[in-house]
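You will see two complexes here that share chain A, one where it goes with chain B and one where it goes with chain C.
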Partner chain A sequence: MSYTLEGKTGTWEIVVGLEVHAQVISHSKLFSGASASYGGEPNTHVSLVDAGFPGMLPVLNQECVAQAIRTGLGLRARINLESRFDRKNYFYADLPTGYQISQFTHPIVGEGTVEIELGDGTVRHIGITRLHMEQDAGKSMHDQDPTRSFIDLNRAGVALMEIVSEPDIRSPEEAGAYLRKLRQILRYLGTCDGNMEEGSMRADVNVSVRRAGEPFRTRCEIKNVNSIRYVMHAIEVEATRQIEVWEGGGEVDQETRLFDPSRNETRSLRSKEDAHDYRYFPDPDLLPLVVEQAWVDELERALPELPDDKRDRFIKQYGIPRYDASVLVAEQAIADYYEEVARGRDARLAANWVTGDLFGALNRTGRSIQDSPISAQALGGMLDLMADKTINGKIAKEVFEDMLETGDSAADIVERKGLKQVTDTGAIDAAVADVLARNADKVEEYRGGKDRLFGFFVGQVMKAMAGKANPAIVNEALKKVL
Partner chain B sequence: MSLDPATVRRIARLARIGIDESDLPALQGELNGILGWVEQLNEVDVEGVTPMVGTGHAALRTRDDVVTDGNCRDAVLSNAPDAVGPFYTVPKVVE
Partner chain C sequence: MSLTELTIADAAAGLRARKFSAVELVRAHTDAITALNPRLNAYITPTSDAALQAAACADEALAKGEAKPLTGIPLGIKDLFCTSGVRTTAASNILKNFVPPYESTVTANLLRDGAVFVGKTNLDEFAMGSANITSAFGPVENPWKRNGDADTKLVPGGSSGGSAAAVAAGLAMGATGTDTGGSIRQPAAYCGIVGLKPTYGRCSRFGTIAYASSLDQAGPMARSVRDCAIMLQSMAGFDARDSTSVNCDVPDYSAAVGRSLKGLKVGIPAEYRAEGLSAEIEAAWQQGINWLKAAGCEIVDVSLPHTKYGLATYYIVAPAECSSNLARYDGLRFGERVPGATLDAMYEATRRAGFGPEVRRRIMMGTYVLSAGYYDAYYLKAQKVRSLIRRDFTESFQKVDVLLTPTAPTPAFAQGEKTDDPVQMYLNDIFTVPASMAGMPAMSVPVGLGATGLPLGLQLIGRPFDEETLLAAGSALESAAGFTHRPAIRAEGAK
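Entry: the complex of A and B
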């Protein structure tokens, strides 16, 4: 079902493209040897290159190029063996050189695609237009002094990848799914940590609206949205605003806007009349960047298994449903945990325990898979006890809760609490006889045709044996006697 | 190609250079002179010639990803006319 918005005069669809700025994971900056790590003392992670001193020359960080290529490969995109750096000219206090080194006409990565999956299971492909490398700017603080802004250049010159999508996105949900998928791919690749809260991934959102079947109308760009939820809100709010403008007989102006989450509205940045006149030109300090296909191939061979591939493998190798597989590959650490539990065991049962009881426990205790109170080996050990029929499924739940609390191994808990399943048919037969004797009336009813009572008898026998009886043997024994 | 006074004014504003109206004609003349001189290149027939991206066959030099610089705040702030503590300051810029 496609997403539309109802205006006063009819139905509108939305058209969205995203520009994501992803901070590259590297030790040093894109063009200088200053540290790229987060959170140093103000203006200490700054070289004279970053501060725009006269005569300083940029030297490209090879690893940042590798990270951009890895990301391009992860987006199944074309790698441009020849690319170029351009100067994007604008004035702002946290941009000491007066230009940002970026890639305009010849980016390092060309067209690619990202597969997204929606809540109803629909799969869509969102086109990637390009990915290019550029420098981050410094940080301005406006709240330190009544008349001055304070400038910290620690971020100035840190490598960013700008990842531009085609205007293929048609709903806030798709935008959210795209961003989550992109972040998942970046994290798998280890090229960006994807933390939107810390600003290492931020999105500019291009939004327009149109009637079904129309060509694109004028779009607005909402700058610097820093959470997936806000991106989804901003799209809806901005689309609604544009529909009102069009239906009121007005024209939507192409402009830059800001999203204000506290008021749930977007606002025009009116001053930016010249904002898009960046007078790009090739940076004369930097020769074109030429990379060898052999190096690209080498980087490709060293890539980790990507989430889509891993999901497809899990479905095939472990015979688990697509939904479970998608959940299990959400993070690499979860996938690794699952594979360790599943190895040599009942993989479907392993998936149920990981996505069910374990995720529930992590949620309840506010822990992540990395510091899970139950290790993959420990959970596997418990599944082994189920497989060799030492414990049944019901007791397993109890053992699991105990493991969660005490950190003891399943085997120790079973020993300590005497939870070993009873398979002694003599003991079970005795319990069956006892239950039937105490419920003579129900036995009568059962024999009179009330089949549903069978479950009641099973329950009573299990209760009499403190849940430790082997359910299959209990069933057998009851059937025999009844 | 020839620049009109409005374009000259716009270029100056983009470059944050304040100019007097009375300087416009002279600047217009100078800029048009430069453009005219460069436009001589249009006389060369480059049909089918691959664009030259640089002189010689030098490749772009790159460096390893190691921290070799920074931690020189005093030097970084040495030209700042109004540093406060560890910061540059500028007249307040708020959008």
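Entry: the complex of A and C
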């Protein structure tokens, strides 16, 4: 069922396209040797090139190009073997040269596609228009002094990838799913860390509304939204605003807006008339960027398995449900963890433990898979004890909690606490006899046809044996006697 | 002979033969600067003390037999090349106190080879001009005088006018220039010296203040073809810090000087017989043709049909690039700042005070031709015409090895002339701009004096990276012309 908004005069559909700015993971900046690492004292990662000193020239960092190509391949997009850098001219205090070097007319990556999956299991394909490389600007700080602004150029010149989607997104949920999927792909590829809080991934959101079957109406661009949740809110808020404008007999103006999460509204930043004229033209300091197909092929061969492929392989190889597979491939580290647990073991049981108890425990303790208190090896060891019937499922829960707390191995815990499952039929028979003797009235009722009392007897026997009895043997012994 | 009259080649030999010391040689030039620069204004920043110290080091190297090609040779450096620890102004108020903490690749190469810098030479502001009258540090006077007219001050040409005047007057043995549309060749012609604009990409642009990046090229200016070859040998070469610098071997340029021209095909482009070409220059051109024929060249008529669009195209492309290149002079990180109530007000005040009228004119033209709605009609169209101009040359060079043309339509004119209408000024570059647009190497060689006693230059244009043929043909013109005339104002004469 498609997402719509109800206005006073009828039903509206929303149309969304996203421009995502993703900071490239690289040692140095796009056109200079200065460090591209995050943080650092202000103006400590700045070269003369970044600061736009007279006579300084940009030299393209090949590693950033490789990262853009890897990303393009991950988006199943066309790699343009010849691309070009343009200058986008505007004056601002944190833009030292007075222009941003970007790729305007000839981006390095062309059309691609991202597959998203919605909560109800619907799969949709969102088109990628293009990906291009550009420089980040510096940072203006207006809160350091009552009258002056301070400039930090550490980020000036850091490589960004701008990833532009087609206007294929039709709901806030789809926008969220797209961003999560994009971030997942970037992280798998190791081309962007996807940390929206640190600003290494940010989105410009283009929103319009229309009635079913209509062509596109005027869109507004919401600039620099820095969390997936805010993107989803901003779309809804902006779409609602536009519907009110259209239904009130007005016209939506093409403009740039800002989303204010505290007031849950968007505000006009500048209208189309005030829009900058960026005077794009090819940067004469840089030659056209020509890459060899052989290099692209080499990069492609070295790509890691991508999330969609991994998910499909998990379903096939491990026989686990699609939902579980999707959850397990959310992060490369989770997938790796799972595969180590599942290797040579009951893969479905492994999936249940990882997505169930382990995720629950990580959530509870606020930890990530990387610093999980239970290693994949340790969890595997516990599954081995279940497989060889040393412990049963109930005891396993107890062992797992102990592992979480102490970090001990399952075998040590079982040994220390004496939790080894009892399969000694003599001991079980004795316990059965004891329980039946003490509950002669219930035995009478059971034999009189009250079948459900069987479970009561099992429970009493297990209790008598401190949970350690092999449940199958208990069942068998009870059935024999009763 | 006075030390300020020597060629670089002779001075280098004299130093090695210990006929004179580097200190003596350099002091002769710094003394000349002290004596004549107040009048000529060829230098914005003389660096005499540092030069004499460097000369003392040069003498030590000479004594140890460790002399390099330019050891002890006093050179002027156009004040567009950033020099570490030495003020670099681009002849602009906006950089009037700018001291770069880095060295341009071209000057670093010259220093590596032992050169001694005697000062930073004057130029048109940000290299924008053809008469060296737009400098914020005042105009440069051409050391040449019209016959019987000692009073009228003539322009040295531009933008490398300070370099040309300094070399002509004996205030340097050679100087660096930069050429965007003729800024080496036209002043060389006006001042009676040799100026070579190498192929685009031959010399690194790193550390040279940019005017129009796709055109700017550094080159030597000196009193002989051989001296230009010696200087270019040091200046040229691949530089990983300039993405447009070309990675190909630097040949032995001096070996090309004096090389036989037998069988060389010299093209004479019909389109350079343009309107406004003075009769004396046309005559000098014909004389040059005859000399090359006598040297064994075959003369071939060729056509460069898009020549007439060169100037118009240049005045779209160059301002477009400059409008963007000069955006960094905003008063924020370096250079002069004029405070303002807002950021935009500060920008406006800083740039209004910092840039002169010609620079502002070109920034405005460039901003206009790149604007939305005008880009296709101007910038894009100009780029298309530029490829046609390039194709003209490429096709000509399938038939001939080198082209011979005049360098400029007239000899040097007086200060104050051609200043009312910028277009009149732009027309000085009509013969030099096409080779710049095409990225071809070109050289101006003095071949004689005109009717008023002023030097006339002829231009040779070569195939990309074939500076050797320019040097060979240039030295043939030089020896045939036997150009030994010296300007009225010169170091020797002042003593």
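Note that the second predicted complex is superposed on the first by the 476 of 482 C-alpha atoms of A that agree within 3 Å, B and C clash if a C-alpha of one lies under 4 Å from a C-alpha of the other, contacts with A are read in each partner's own complex, and residues count from 1 in each chain.
The rule is short, and it goes like this: a residue touches a chain if its C-beta (ideal position, glycine included) is under 8 Å from a C-beta of that chain, and two chains touch if they have at least 3 such contacts.
Since the structure is predicted, the reported quantities are computational estimates derived from the model, not experimental observations.
Of the two partner chains placed by superposition, only chain C is touched by A:99; chain B is not. Looking at the shared chain after the overlay, A:87 reaches chain C, while chain B stays out of its contact range. Considering which of chain B and chain C touches more of chain A, the answer is B. Contact with chain B, but none with chain C, is seen for A:42 once the two complexes are overlaid on the shared chain. Looking at the shared chain after the overlay, A:290 reaches chain B, while chain C stays out of its contact range. Of the two partner chains, chain C is the only one touched by A:58; chain B is not.
In the superposed model, A:277 makes contact with both chain B and chain C. Once chain A of one complex is fitted onto chain A of the other, the partner contacts of A:27 are limited to chain B, with no touch recorded for chain C.
Overlap of the chain B and chain C interfaces on chain A: residues 48, 51, 53, 59-60, 89, 91-93, 149, 151, 277, 279, 286-287.
Residues 81-82, 88, 90, 95, 98, 100-102, 104, 205-210, 212-214, 240-244, 320-321, 323-324, 327-328, 330, 332-334, 343-344, 347, 367, 370-372, 375, 379 of chain C are the ones touching chain A in the complex.
Of all residues in chain A, those touching chain C in their complex are 48, 51-60, 87, 89, 91-93, 96-99, 149, 151, 277, 279-281, 284-287.
Looking at the complex, you find that chain B touches chain A at residues 10, 13-14, 16, 53-54, 58-73, 75-77, 79, 82, 84-95. In the complex of the two chains, the chain A residues touching chain B come out as 26-28, 32-35, 41-49, 51, 53, 59-65, 82, 84, 89, 91-93, 140-142, 144-153, 258, 269, 271, 274, 277, 279, 286-290.
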